[in-house]
Amino acid sequence: MAEEAWGRWGPDDECGALNFVDSEAVRRAVSLVSRGQVLSLAQPISARMPIPPARPRLSHFMARDGGDYAAGARRAGSFAFADDTVVLPLHLGTHIDALCHGWCGHRLYNGVSETEIRSTGAARLGVDKMPPIVSRGVLLDFVAVTGAPLPDGETITLEMLTAAQERADATISPGDVVLLRTGWLESRSAKNKPDFDKEPGLGVEAALMLAEAGASVVGADNYAVEVLPFPEGTIFSVHQRLIRDYGIPLLEGLVLAPLAAVGATKFLFVAAALPIAGATGSPLNPLAVL
Amino acid sequence: MAEEAWGRWGPDDECGALNFVDSEAVRRAVSLVSRGQVLSLAQPISARMPIPPARPRLSHFMARDGGDYAAGARRAGSFAFADDTVVLPLHLGTHIDALCHGWCGHRLYNGVSETEIRSTGAARLGVDKMPPIVSRGVLLDFVAVTGAPLPDGETITLEMLTAAQERADATISPGDVVLLRTGWLESRSAKNKPDFDKEPGLGVEAALMLAEAGASVVGADNYAVEVLPFPEGTIFSVHQRLIRDYGIPLLEGLVLAPLAAVGATKFLFVAAALPIAGATGSPLNPLAVL
Amino acid sequence: MAEEAWGRWGPDDECGALNFVDSEAVRRAVSLVSRGQVLSLAQPISARMPIPPARPRLSHFMARDGGDYAAGARRAGSFAFADDTVVLPLHLGTHIDALCHGWCGHRLYNGVSETEIRSTGAARLGVDKMPPIVSRGVLLDFVAVTGAPLPDGETITLEMLTAAQERADATISPGDVVLLRTGWLESRSAKNKPDFDKEPGLGVEAALMLAEAGASVVGADNYAVEVLPFPEGTIFSVHQRLIRDYGIPLLEGLVLAPLAAVGATKFLFVAAALPIAGATGSPLNPLAVL
Amino acid sequence: MAEEAWGRWGPDDECGALNFVDSEAVRRAVSLVSRGQVLSLAQPISARMPIPPARPRLSHFMARDGGDYAAGARRAGSFAFADDTVVLPLHLGTHIDALCHGWCGHRLYNGVSETEIRSTGAARLGVDKMPPIVSRGVLLDFVAVTGAPLPDGETITLEMLTAAQERADATISPGDVVLLRTGWLESRSAKNKPDFDKEPGLGVEAALMLAEAGASVVGADNYAVEVLPFPEGTIFSVHQRLIRDYGIPLLEGLVLAPLAAVGATKFLFVAAALPIAGATGSPLNPLAVL
């Protein structure tokens, strides 16, 4: 294992590549705002959203609702309210993988032992240790580059990465949040349901190029960021290399078509995970501010 | 009922006072950033956080963890991962109340019937209809104004509001996110546990003043934004008036001491709820960018 | 609506046809035991069991397990333990429908208003009001009668009921727990997955015959007791007639092949729902004692 | 560790002392029924039941209820229904501990390694492996023997066990389900809330006597069967000895006062856990048939 970023930010670091985002990077990102337009990059969350067969579903339960009052529930004075609870799998819909989500060889990012990750949660590298993400977002739009959604199983190569950066008039620099539009999510529908075993996505070479360029986060509009099925003899190589070796969190299930539709390529990107103690990820609602 | 903002943004509006935040307001907010410093205003979320006795607790369950591998679980190739699910009450910790959370007299904001809010969720005014919040944040710091955390049961009055605006060198303007630091949360501890029935907070007069000034969101570092216990003969008046009559979402359980500590009074405020279909609120991780 | 059993056991009754099971019926049932053999009639419960697409899945979470100790979790002295929680839909696998589960025309069994059934649970007719079931079980074995599992969509008729009673050498009498073996569940497999929209089951005429004979509970080895698809222009007629009009709880998803295999037709039947306050049903583990 | 029962029923046994209950024992138990009276020994289950502070609470959620119809929800034809889900900690209220619930020294009953118990559940000794319990129940009534509920912290000794057996006119024999009435649960109330750290209960000597006599299950009307606080320097010794060394499941939180009230001492006992794959226990509704 290469473990390129281990120790780079000290032996106790739990923030990984988000360390690249210093106050200067924040200011540069903020300076990109001109229109004052805000776009959400999140999918709606519901029990009906498509999920892989083996994965748990969201459940949303109303503990109190308007129906109860219609049925005669007593109000406290004139006050009425509705309240609810969700059973929420943390790697659902648009979500971020914390640095404790994936590893190999018994050690996680920065050498943390896998024995730190127990039923009580991740004692280290949990999503609660992930700083808020406020940095430059760069949209690498492969739909625009190739003229159509990438076909299932297509690998994003170094050449494609170069072409997409040119189209975006941007070179990935330290601290950038890189968003990959493959067209996968937007080309699914009720009729054309997602097959979570096949999707276009990042190959290892391109992933390493982004990591070496200093990407603080890598996100995509597909299910796993990386290409599925995996190259022969490999399993989640991009997860292993980016999360574990470079300390780069992955953002999955992004909604990127609206961003492309307004022509945005470089923008202020803002996202903040729910700080759930010891969790391995978090659904979130990332924003692009143009 | 006064229903001041009903119809103001059209008969079908579900965004309420967040309509005040136009692109100009976004640009003005962004222009406040100078240091490039980012502060999270969220409490950590865990099963151990203090909650009122009647309220459900968060549960965090690891579906797969490092302990399983230590016990001999088969790896897929060299890849190992951890995964988890939470049972998450939506009005927990630092969270936002959607416009369907509270009402009176059978009608919610903009005249929506309470019968639209059923076991299947809120057909209207759900948190999924709430736009992302990117606007000017203004910290009204009553701890600084009075020199100490406000005592439990203390009502924030019009006079106090004026004093705090003066101290912040800010006048609440349309679209502003108003954050009230009472000192309640920061003065609790394991030894001095929160009593959820008593807290300093907003009185109705001050609340109406903020609403009339065009606040898009009102937040506080206490449990209910408004003062507890309620004034004699009233129940959640501030909730009723702000949420229902003015369409103003409430942000509860904010962590504001660090913001005060760095002397921030006006800043770029960013928060985005999880877009859970039909939900009445959402935990979130609000940010101040200075 | 006929509402045949309303008022039969008093205006406040919440037990319905289980009132037929008096101490004499218990003694008669007990007297059937000769071999001392005990059979469970329940399906195993797991996240992998087949369920209809729209229905929630069971989740089983270990809050503490042996893997944690393998990973170094501290023991209290030498003591180690494992603990767990389930998210459990109550109409899952082998389960019983309480008298508050289904109705029509705004009123439930015995005239209870549907407004008594709110988000806080069923104030009346909840599964917590259902007495334990200890009575004579009678297996009506349509697989044996017809020589094969009934085909999907086949209706159990009066004639079939008569033939099955003859084969069982039993006439349904007041208090009997009637178990219908259609062959549906036992003929499903991983290759031949259940289609929850199609199954052999009880028709209304046969259902009414059982109700008039005094059945205290009607159970089956299928998903809905009654035939699917429903006869044209009807929806859950058997549920409506048995549960609402006769106060007869339904037992669904039974495992009956082993009972048939040992030649049991009349036996001591024992089942007891979890007494969850206000719940509409309960998974349970029914027993036949031969 | 003594590991008295390991290997007694073969190296692969997962049923433990319930192996004592053969068909002869079932017949003997059934022959005790004379009145035809059925008593449930279970506490009601609800979110309001007292639980230890650190333990999760039950949540009960209605996915559909009468309030929804009152609010105008569309009916399918005339059919209406209510449906629900619980978040159910498995060691709640009246429940049974499976043989995988507690252990010491890295090995469970019959030598099973603790590494078999992972986030995916117990591969061995799960509650799904526990046979239904149909055997003679014997009530050992220490409230009757001593004239009052045992005080908190009182240890049930060998002498007390002898006195209680004499009073019950019963000697514990192989296969018996032994039920210990300490008076703990029945003497708690809203005013006198249970302190889960203090209770009367079984001492190790008495526990071993029951185990040696062939008890198939040991149950009690308290929280942990055994005395709390633990004797100096020990932790859950009775759990360790009975569950691990003798393969005896424990039944906790029983309601025994009504059984005592009707003078029952020997009776048909029936209980069956929910067969949840890999679970460490199960709430259940045990019955005494007199």
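For clarity, chains are labelled A, B, C and D in written order, and residue numbers in each chain start from 1.
We take it that contacts are C-beta pairs under 8 Å (C-beta built on N, C-alpha and C of every residue); 3 or more make two chains touch, one makes a residue touch a chain.
Since we're looking at a predicted model, the values are computed, not measured.
The chain pair C-D and the chain pair A-C differ in C-beta contact count, and the higher one is C-D.
In summary, the pair chain A and chain B forms a contact in which both copies contribute largely the same residue numbers, shared numbers making up over half of all those used.
In this assembly, the C-alpha centroid of chain A lies 45 Å from the C-alpha centroid of chain C. If you average the Cα atoms of chain C and of chain D, the two centres end up 24 Å apart.
Looking at chain A, one finds that residues 56, 59, 61-63, 65-73, 85, 87, 114-120 touch two or more other chains.
Chain contacts here are complete: no pair of chains fails to touch. By the touch criterion given at the top, residues 47, 56-57, 59, 62-65, 67-68, 71-73, 87, 114-120 of chain B touch chain D in their complex. Residues 22-27, 30, 33-38, 40, 42-46, 48, 56, 58, 60-63, 65-67, 69-70, 75-91, 100-106, 113-122, 128, 131-132, 134, 233-236, 239-240, 268, 270, 272-281, 283-287, 289 of chain B are the ones that touch chain A when the two sit in their complex.
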